[in-house]
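Next up: some structures, all given as structure tokens.
Heads up, the next two complexes both have subunit A, just with different partners, subunit B and then subunit C.
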Partner chain A sequence: MAGRAFQVRRWPGGVAAGLVAMLILGTLLAVALRAEAGRGLGPSDWAAIRFTLWQAVLSSTLSVMLAVPVARALARRAFWGRRLVIAFLGAPFILPVIVAVLGLLSVFGRGGILNVALRFVGLPEVTVYGLHGVVLAHVFFNLPLATRLILQAWQEIPAERFRLAAQLGFGARDMARVIERPMLRRVVPLAAAVIFALCISSFTVALTLGGGPRATTVELAIYEAFHFEFDLGRAALLALVQIVLVGVAAVLALRASVAEGFGAGMDRVVTRWDSGGLRQISLDFGVIVAASLFLLVPILMVVVEGAAGLWRMPVQVWSAAGVSLAVALVSTAIMLVLALPIAIAAAAWRGFEAVGLLGIAASPLVVGVGLFIVIFPIADPFTLALPITALVNAVMALPFALRILVGPVRDVVAGYGRLSATLGIGGWAWLRLILLPRLRGPLGFAAGLTAALSMGDLGVIALFADAETATLPLQMYRLMGSYQMEAAAGAAVLLLGLSFGLFWVFDRGGRNHVDA
Partner chain B sequence: MVCPRTCSARRILEDTMKYLAFAAGTLLATAALAETPVLTVYTYDSFVADWGPGPQIEAAFEETCGCDLKFVGAGDGAALLARIKLEGARSEADVVLGLDTNLSGAAAQAGLFAPHGQRVVPDMPNPFGAAGAWDDPLFLPYDWGYFAFVYDKTKLTDVPTSFDALAASDVKIVIQDPRSSTPGLGLLLWIKEQYGDEAAALWEGLADNVVTVTKGWSEAYGLFLEGEADMVLSYTTSPAYHIVAEGDTSKAAAAFPSHYMQIEVAGKLARSDQSELADQFLTFMTTDAFQAIIPTTNWMYPAFAPKGALPDGFAAPIGAEQARLIPADDVASIREEALAEWLAVLSK
Partner chain C sequence: MLTLENVMIRQGDFTLGADLSIDAGARVAVIGPSGAGKSTLLALIAGFFAPDSGRIVWNGRDMTGDAPGARPVAMVFQDNNLFPHMTVAENVGLGLRPDLRLGPEEKARVEEALGRVGLGGYDGRKPAALSGGQQSRAALARVLVQDRPFVLLDEPFAALGPALKAEMLDLLQEVLETTGAGLLMVSHDPDDARRIAPQTILVADGRADAPMPTDALLDDPPPVLRAYLG
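Our next item is the complex of A and B:
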């Protein structure tokens, strides 16, 4: 665009980005200054690092390997309910981790339905604690993500390619060699790297299904050093280790994402001439059904078990739900106040978007420990548990929110900028009259994601909460710890309902009125 | 004319206002209660559970103290100490109840506790001195027991009767983390006391028996009851709970050649603003009114035997000659070495 006629205001975005950078870099600095590097890492710390890497490698490899057949099946079959299955694959993103863990326990635990069945047919039982359980839970969360990423790449192959291939008389093998394998070679490393990065900073899964020194991630070790021994120096040292791990993983993920595609097509509906015979069709549907069962049954178990416990929950569960709701809403408000100015500024200069990457590079427990170190000399960090949780949750959701918002903001600026300049609309009026009405959809979506993520989060709050403060996920974790499984399942249903409810309200609120 | 965007925002706002009003109401109610002094006692989670001693003891003490006794569950024993250190001078706690003699040395070093100034003669075995001697100036005992592995008689038939036998078997056990839990620490010291330099080798043998290591006793016992393991590290008195409370005689404690003792203690924080009330509570702790509640709620032996026998189902304690305990002052150095060994072996 030559001679930009319309200039958005950059300074509010600059201020917001500065605040985020200050929060993250400031806490990293606090951690670095406090870390007692001289003490070095003990054998258990090295074990935590090895475990963190190993489980992340296993989780990402398994997720991707299992996702390929599922994505292939979804890519080449058209059936009633396909859209529903694909939409459903997005659900784990906002599914509270602790709820999924409870569901996985009721399926794969020693008393779960799988072991009941194994016992019935006389096979040895499986255990869900330790490496198995951690990897299982990570696959549960990341198989859908990998499937969506790979499916998307599959669908980006222009229909013309398949048509040409069919004309050339390609069989399934040629199709795989010439078209599908090159595509997979491009997308599989990307998916694996993204999942690897996500699993590196996994906390709740390791806290609940890991156990003891053998199955401790670095993120969990930070929590233990803090909570078991009040050893801030060691917590900070481990936090430094975590920064390096997450940083390297994030760089890997970013590098993997740079690759060329297949070129453009005419976006026709893909018709596949290589759909194969009955055997391949039944294989595909078998894969889809198996994946759906794997993802659905644990959640259904929670709902069935929890519906009974819903009216027999201790009153703390309800007050924790109120606390969580307030935290989620405040968190969403903070996210909007930060994300909108940054997105507007990023429409003028892409560099602002980079601040979102900071949110990916910092893990919640690292930021939590850093904040504790900063706040401790000044005030009681425990009384600030909830505001801190809301703030950290907002910053953690920021990268996702920016991804959602930056594109649409740029479109509005590009599409309406000249007209706005001609009419002399700027500042608040522009925001209110031009931008916001066109941004309702993305804003609602971003707000819904943030609210749901914050609702289900169990991270910083586990670090800061005293015995009387609890969010719903923490309260649920405590119920599980004290063997009140029925009440825990009840709390899980409530949490599930609130997380998805918040997402739905915001997302719907945004989408409904795009055309208004 | 309807603008559902603002409407949904308004609804959320209304909900928030309702919540805030609720929160404010709660705060006002708390303020109204502040007329009566509040004694805050930090303890472990199972103590404050509905079925634990907390509710009954709260009622009994409040009858006489003219105060509001507030129990706060703050994790398992060792995490309790970390919590007190973490909160430091800002802590609201007046009394900490639920440390044991394995932690009291470290707790004394933290310098946060005040002398109780009482002379007591507890009724419990003393592996290194005259029975009834108690010379800890900061902490007073309230109950005691022996650590043991508890199992289900109907499910486990080939019961190991020593650590060596357990290590050689394929019996699955759940234990607690010695860094956060007093039973976990007890097991660590039990094995260190018995095996000395061979302790690491024994842990190597036990490592494949360990299903998982939990943060606290409650989690481990819950997993055992759920059937996740054959045995759980608990107390010789745990089966009594199932007999007395549930009429279930299937649980038993495996008899080992020796058993490590746990003496649970409480102490007053130096920074307490309710010092007299805290003293009053510690005295109350040694009386029958408190002690009689312990056996059938905390499922331990009372430190000051109340009038009347222990309830049926409570086996008489094993002989004092089988009791093992490391003196509180020696624990710190032994703990460090034993913990390093444990971490090294179990993180393999």
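Our next item is the complex of A and C:
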């Protein structure tokens, strides 16, 4: 087969992919070499492994179980504000974890509205720390994701099936047996696998709501071994354990990763003829309202409490905000420099896309510990805290960026490759005149996601920062640690505004002036 | 003279052989059954496919390995002829300089070409603001500034109605007269061939034949062409 339609340059993508692979595999290797395997795993390490797996199983199971009725309600009801609800379900992706944690504390925490109510009616209080809290926060973040995944599967059922079902006089029960349950049997395990993988490597939730001998995840144990005991051998050994856990979870989730688009085509309601009864209608709306309250109230609480705290924040919060903004922008730039050439190369050969998977298979703290081991003999890693954070954040966002960019790049090559070739447009001119202008929308979206994710990240920075250095999420965590809750809420509002603001600016910038 | 010397291309079960010459400035239609390889023949000449064997020679120079942009041809596709994010003037300007760094003189040439195809004053518009016929005119304006020895058209104007298509073929004829370029045009419509191309290449049964007089070929078609024309 002779083909030579339009040759994109592969070598820059090869170089970028090589750098990413070197960073991740290199740090994994460093961790493996440094791990003191001879010492073996102690009882507390085994407890951490058990807790990590158990909370992930609980979180993923609860998330998908609760998501099924929400997705069903959204799939079969048309109502004003439905698009808004669905868009809102995408928001937790860029919601800073620490902000959500603060919100959950103000609802479910010791002084939260739930316990105030319980006290008022004389019932025993609930505690949000430990397993409950970790699972609660994970459900808060993953219920929307599970709902989106399941809703998408629901809407991929061809409308003809529902018409046929109506023709055959199916009731709700027949519909469930013949159409819906087979779909759920396929999508629910996949959604659960994705969420399981996310919960295995989640760090901030465990840091803020877990802890202690009974609620420490492996990721948190790495941090504690490194940060409090400065036992690098043990941190590396735990990191090795985490590599195995995340690796296995990633393989499980990988099969599911094709399932999620970014919400395209979800604003369609399939006309159905089996969902008439008043009981079903009120059930559906009850479910939608309950889910919306569960997701909205904590954030609203943060905003209300934080608005007052905004003026009482110590000056360090403002400087931390500046640091975070700089880190987020540098991180976005690094992501673009890596993702664009890889996406271009992937348009010629899909294999390049696989490098993005490395970012999924590595957890930030593992890469952080690995980088520390590599850098320590050469330089002082603590002075490099911010550049390292920017780099790791960029690499962690890379899989998402590639998923966003590869398709559109391929479309540009397929749609305009021959025309470009016959006009002799190649190299930089092609990049400048054809690809970048055609790619503005996806580029803006990818940059917005990366900037927001980096802005809200509390991972590597917690590992590396000294007392003088802090990003905004870390500063907020320190305020919470010293019970300055009002100031923490103020910082949360600032962080929330900056994260969503960055996303909005980039995404909007990409969508402006788009022709055809 | 454009010569295909013992050219052979294989794509899975599909093969196409060609051993033929086309005179400089000749206007040639390419017709034949669907899937016979008409578009492949053009793609070989434009440089989108490399032949498995044989040479493609232009005026004695072997251009078999040249990049598409380095060949003595300008091409108009069935669609996607204009980049939607660029203005009409920029789209035409690409025919002069692929990096679009145009000097004043080149800008004047773009303007003139747009005037010639009846798009004077449309230079600042985006393709989405043009009708189908106007988009075809813009593509022809670019062919005009490219000023290459051959123009390749792969079922051009297929999306246009009959009257508009006739108008475009007339405009194409004007462009060819201005630049003195030859033409190689794939078409499903024998009337197109009669209208603009004195010669025709028949592509059928895995071969592209040498050009023959169009009227003679269509008046007394061989069985394979007769079956296709119906």
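Just so it is clear, the second predicted complex is superposed on the first by the 497 of 516 C-alpha atoms of A that agree within 3 Å, B and C clash if a C-alpha of one lies under 4 Å from a C-alpha of the other, contacts with A are read in each partner's own complex, and residues count from 1 in each chain.
Just so we're on the same page, a residue touches a chain if its C-beta (ideal position, glycine included) is under 8 Å from a C-beta of that chain, and two chains touch if they have at least 3 such contacts.
This structure is a prediction, so every number in the text was calculated from the model and none was measured.
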Clash or fit, subunit B versus subunit C on superposed subunit A: fit
Winner by number of subunit A residues touched, once subunit B and subunit C are compared: B
First, second, both or neither for A:G426, with subunit B first and subunit C second: second
Partner chain(s) touched by A:G212 [first = subunit B, second = subunit C, both, neither]: first
Which of subunit B and subunit C A:F88 touches, first, second, both or neither: neither
First (subunit B), second (subunit C), both or neither touched by A:G415: second
Which of subunit B and subunit C A:W318 touches, first, second, both or neither: neither
Which superposed partner A:F294 touches (first subunit B, second subunit C, both, neither): neither
Minimum Cα separation, subunit C to subunit B, after superposition on A (Å): 11
Doubly contacted subunit A residues - partners subunit C and subunit B: 516
Touching residues on subunit A, where the partner in the complex is subunit B: 42-44, 47-48, 109-111, 127, 129-130, 211-216, 224, 227-230, 322, 325-326, 329, 380, 382, 440, 466-468, 478, 480-483, 485, 505, 509-510, 512-513, 516
Partner subunit A, residues of subunit B touching it in the complex: 3-5, 8-9, 12, 15-16, 19-20, 22-23, 42, 45-46, 49, 72-75, 78-79, 82-83, 85-87, 90, 175, 177, 179-180, 207, 210-216, 218-219, 221-222, 225-229, 340, 342-344, 346-348
Subunit C partner contacts - residues on subunit A that touch it in the complex: 1-6, 415-416, 418-419, 421-426, 428-429, 432-434, 437-438, 514-516
Residues on subunit C engaged by subunit A in the complex (per definition of touch): 9-12, 46-52, 67-70, 73-75, 77, 80-81, 83-86, 94-95, 98-100, 126-128, 146
